[in-house]
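Labels run A, B, C, D and E following the written order; every chain starts at residue 1.
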Amino acid sequence: GCGDAKAENKEASGAPALQKVRVGGDSAIFSLQFRVAKEQGIFEKNGIDAEISTFSFGIDTLNAVLTDRVDVGEAMDYAALSAISKGDLKVLSLFNSPKATSSKLFARDGISKPEDLVGKKLGVQKGTVNEYIWGKYFETFHIDPKAVTLVPLQSTAEILAAYDRGDIQAAWFGTAFFDKAEKIKGSVALNDQSAINIRTKGFLVAKGSLIKDHPEISAELNKSLAEASQYIIDHPEEAAELAFKELKIPKENALNEIKNQWEFDVRFKQEDYDQLKEIKEWSIANGYIEQDFNLDDKLALDGLKEAFPDKVDIK
Amino acid sequence: MRYVRKGLQMGIVSWLLFLILWQIFAMNSNQDYFPTPVQTFRGAVELIADNSLVTYVFISFKRVLLGWLLGSLLGIPAGLLIGRFKWLRQLVEPYLNFFRFIPALAFITLFILWFGIGEQSKVILIMYATLFIVILNTAAGVVNVEDDKIRSARSLGASERQILIHVIIPAVVPAFFNGVRLAMGNSFMAIVGAEMIAANEGVGYLIWTSRLYSKTDWIFVGLLLLGLMGFTGDQLLRWLGKTSLKRYGIAKETRFGR
Amino acid sequence: MISIRQLGKSFQSGAGKKAVRYQVLKDVDLSINKGEFFILLGPSGCGKSTLLNLIAGFEKQTEGELLVGGEAVDRPGKERAMVFQHPDASLFPWLNVRENIEFGLRMQGMRKGERKAISDRYIELAGLTGHERKFPRELSGGMKQRVQIARVLANEPDILLMDEPLGALDAFTRRVMQEELVRIWSETKKTIIFVTHDIQEAVLLGGRIGIMSIGPDSRVFEIMDNRLEYPRDLTSREFNLIQKKLQGIFQDDLYFHL
Amino acid sequence: MRYVRKGLQMGIVSWLLFLILWQIFAMNSNQDYFPTPVQTFRGAVELIADNSLVTYVFISFKRVLLGWLLGSLLGIPAGLLIGRFKWLRQLVEPYLNFFRFIPALAFITLFILWFGIGEQSKVILIMYATLFIVILNTAAGVVNVEDDKIRSARSLGASERQILIHVIIPAVVPAFFNGVRLAMGNSFMAIVGAEMIAANEGVGYLIWTSRLYSKTDWIFVGLLLLGLMGFTGDQLLRWLGKTSLKRYGIAKETRFGR
Amino acid sequence: MISIRQLGKSFQSGAGKKAVRYQVLKDVDLSINKGEFFILLGPSGCGKSTLLNLIAGFEKQTEGELLVGGEAVDRPGKERAMVFQHPDASLFPWLNVRENIEFGLRMQGMRKGERKAISDRYIELAGLTGHERKFPRELSGGMKQRVQIARVLANEPDILLMDEPLGALDAFTRRVMQEELVRIWSETKKTIIFVTHDIQEAVLLGGRIGIMSIGPDSRVFEIMDNRLEYPRDLTSREFNLIQKKLQGIFQDDLYFHL
């Protein structure tokens, strides 16, 4: 499309040949590293001229990659898999993941153990990793998915509202919502994600052709994100300020999330691979992914390996 | 008879042309994102096979119908009163011209909070989307009733109440018929938003989830269904208007079209 | 009954810099007694309809005083019924001929049978037999006007304001309507203010004939008494004398320089 | 003067009443979901402080304006042609009455696909949302132009082209003005959708992101901004209509309201 | 020029079971030569306007043949100009008096200066001096009609179809317009078909006078030649003779049983 044409022009004219990359980020802290890397000139330093577009969810950024509207996107494992099953996408690294404690399952109306969920209404954000977490949760606690009602809602605000009213009896909330969820009468935190022994992970995904034509981009991107991670850890206040400025995330929420919810770390380990594989299997088994594919074909870890040899360990 | 047949032919011509253009267009695009009529048809068959298509259409139609009906039933008397009483008009008009620009979509969170995640909030959302356009059209109709009609009714001894019932209402029928038809368009706009709320079923839900999973053919099925439902509803409404409201001059309003 | 003193009416045309004021009526003095058959005679555009509209309370004078029954007129009242110059805006298009004529009776709660008896009479009188079920858009120009007259007559108001009601009718129909008007007036002693530009008609009907000057700044500059017995004979000497006198006024060059 | 002042007073009364009702309502609700006017105001101040509020309003307004303008510029000639030529009408009408029920919102994914994630797809989405209502209103206006006007123009020697330009277009001005006003409402419905999916600026985005973090006060700021922008745009349009399109009878259209 | 054979026209009123057909015209035979001043005389509702509409090509006959200049009439043509019975629908409300009168000239591309010279003449003739800048809604009933006549006369079409054009005018204005009509006709030898219900007017103007029977099933049952020299003297013996003869026909009881 027209984006490509523009990219080439810039390439030709710029003397210090910066690589133009169109990046899609979601509108939460998940994409903070991108924003920091851009604002702090980290991308530029690594030879990348990044143009960031914002979408609602990670899955939207991958859809944009699929349709060639951006070159690079981000998504949690579950959404990432559903997208890479559809087109020529490559996973470049795991770059940001929520801590296990960052997401808690709250329940109300006297529910005190997982088994009590049977027959209840539960809030879910469809198409996001939230859907997988529930699936996994049912598996772990031997709850028949047919014995509960999953109520799809669009964003956490709606989930909270429905939960507050008692229209749903349980839902997962992120750190930003712990206070509000706790305040609701009869509401208790049942579990966090450690109970089901998974941690959702955020992956950096790029258009396959981009990596094929410009293999160096992967290393540059990963270096930038790693550097941005360090910056965020060192300067949480500034990063939160940026989150407010760029994304209109309330500053206190941003700070809270930076400190407590996210682990900014660029890597790709065996456990990460295993988890992707497991989710893939699960998605196929549950019909969320129609076409099986070879996961290894979808990985392009050379760039990461080149930048941080010790951060990649995979057979 | 000749007209009926000709009109029919014309309709068929239109749709054939449409299918052909679609096919050509789709064949020249990436079909993952722009399915051809055939692919869309296959998508529809999938959905029909597990019975969800018919259920979805039925459910969405019910919601639209209910919300639209409530909106109209509320909007018509409100519009009549607002059009009739100048002080009320002056009081209420700023709100009307303010709220009509706040789309139903922006209210989703609040509506869940106030009305829950059940049918209620969906129907109310659709009602909200139809309400303003019906009120505005009706009120404008009332304001534009020819003075001479009201004057002669009054000098023929009609009371204010009788003027409302026997002059204003009949004279306004075309205006509110028009409003109600336009409002139906808005209902369909709202159903897509409404079914993003906590819905497990419905055409809006189909489009929404298909979007998340990038099932473009299903998105297309959803779009076509919305169009078809709207088209059918509109034709029904027009037919009703033509037959039962004929003496109020609806024929003229529906003259645009077959 | 009706007392008009130093009455004036002007219209503003255009807005802003281009605005022009037209003084249509100025210093109109007139009083009309209860039960009078009063004729307003004047050339086209002199302000006859405007004066009638003021008396009816449809418009507000810009100067002077206008009392009906001792009270200032500020809105239309059901004791004053108007037959408009153009019937299109005042007939109810959703009612057929009979229903239009029965409108006033129905508003007063008269039962169907009674209503029919009355409307039958006026339908015949207005020469509309056979057209009872036509709607206004299906009538000829003259027929619409006859419906309007029949509707008002059937309702028997206290004051009848008639704006060139018979202008669009052929000689025969016109004669019938004129006779009926005189009959109704003599029987019921209603007050009638009748606008015309036809001198013969003025002499045939009027008890007093108010002659208006050419606009702008039009006023009633002469009132002629006409004490001829009803029914009047068009061919009688007295009739022709009065008619001649009136014609004389309008042919006089002086009239154009009033 | 007196009217202006009175109208103003009425406007102020309306808004004061609104604020009071809001305060009472909010105080009796959970303020996490329903902030008071004061809380909302504070939220607005936060956003004003870092300049984003003004930028957002500006950006959204620009998008709406552009899309709406394009939609109108496209819709008016299309409507004129469709209204004028019966064969075209018959060919195109099925589409119109089909696509107008497929809401812009449902097209978001496809539009991003086809037109990218930049301004283009947003503006086109808004254009889409305004297009149909403008076309339908204009075309209906054309169809309803009184036959007598076209007939007299033709017998006065006007060519078909001249009839279009000198009769149809002026006669249709009120209808398309009305269409364009209604369409503005639809633009605001579309902007929320457009800015939800791919944008990091604009009032629609503000509402969306505030939802992610349940910042209800900011949601309210967004809602109010939408209302205000719409209200302002509408008043502007009305003022334009009243002053520059006066002779086409717009005054009557805008008579509903101040 | 105009040749009418076995012409019939019926209207359907109502639909479905309640439908009634009214046969308005039946077996009308008439031929009118180029340059004739032809009068159509008949009572209200007999079908005069209907016949004129057929000749103008505004409606289609249901039976028989209607040729103008040897060709079957199937649509309005610019050689046939109509002055409508009611001017409201045919005047252009967005043009003022002068602009309305100049419309035809402007369409033919005449320059401003020339146009003004012509319109000035007709404005004076129609007694509209001083009202040039008024818009139709600001005119009295008679003034609107005068604008319509002036507009058509200024344009000098080949065939003039005039439907009771002078009915709403006072005697004086009427006389002026009649004289002007005769003058224009004698100078240019246009064909004029003039509908009236006024016998004196018929005799004053017409070369031949076609008398229509009372509807339904109306036809032109007698054509009277009138060879009097123009300008005609209302008081001459010959004039009165013809007038009497005509009156005789309408007063004859037989007429009502034709």
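Everything below uses one rule, namely that a contact is a pair of C-beta atoms (placed from the backbone, for glycine too) under 8 Å apart; a residue touches a chain by one contact, two chains touch by 3 or more.
Computed from a predicted model, the values in this text were never measured in an experiment.
Undergrad: Going by the touch criterion stated earlier, list every chain that contacts chain B and also contacts chain E.
TA: C, D
Undergrad: Taking each chain's centre as its mean C-alpha position, how far apart are chain C and chain E in Å?
TA: Centres of chain C and chain E (C-alpha means) sit 26 Å apart.
Undergrad: Report, in whole Å, the distance between the mean C-alpha point of chain B and the mean C-alpha point of chain C.
TA: Computed value for the inter-centroid distance: 48 Å.
Undergrad: What whole-number Å value describes the gap between the mean CA coordinates of chain B and chain D?
TA: 17
Undergrad: Indicate the whole-number Å distance between the mean C-alpha point of chain A and the mean C-alpha point of chain B.
TA: Once rounded, the distance between the two centres reads 38 Å.
Undergrad: What parts of chain C, by residue number, touch at least two of the other chains?
TA: 135 - these are the residues of chain C that touch more than one other chain.
Undergrad: For chain B, give me the residues that contact two or more of the other chains.
TA: Within chain B, the residues that touch at least two other chains are 33, 109-110, 113.
Undergrad: Send over the residues of chain A in touch with two or more other chains.
TA: 63, 67, 155, 157-158, 161, 164
Undergrad: What chain-chain pairs meet the touch criterion?
TA: Pairwise, the chains that meet the contact rule are A-B, A-D, B-C, B-D, C-E, D-E.
Undergrad: If we count contacts the way the header does, which residues on chain B are in touch with chain C in the complex?
TA: 146-149, 151-159, 162, 166-167, 170-171, 173, 247-249
Undergrad: Which residues of chain D touch chain A in their complex?
TA: Listed in rising order, the residues are 30, 32-33, 47, 50, 52, 109, 112-113, 116-117, 196-200, 205-206, 208-215, 218.
Undergrad: Help me check something: in the complex, which residues belonging to chain C touch chain B?
TA: 56, 58, 76-78, 80-82, 84, 89-90, 92-95, 103-104, 106-108, 135, 151-152, 155, 157
Undergrad: Could you list, by residue number, the parts of chain D that touch chain B in their complex?
TA: Within the complex, chain D touches chain B at residues 7, 10-11, 13-15, 17-18, 30, 33-34, 83, 87, 89-95, 97-110, 113-114, 132-133, 136, 139-140, 143-144, 182, 184-186, 188-189, 192-193, 204, 207, 211, 216, 219, 222-223, 226-231, 233-235, 252-253, 255-258.
Undergrad: In the complex of these two chains, what residues of chain E are touching chain C?
TA: 11, 13-14, 20, 22, 42-45, 47-50, 85-86, 88, 127, 130-131, 133-135, 138-143, 146, 164, 167-173, 197-199, 216, 250
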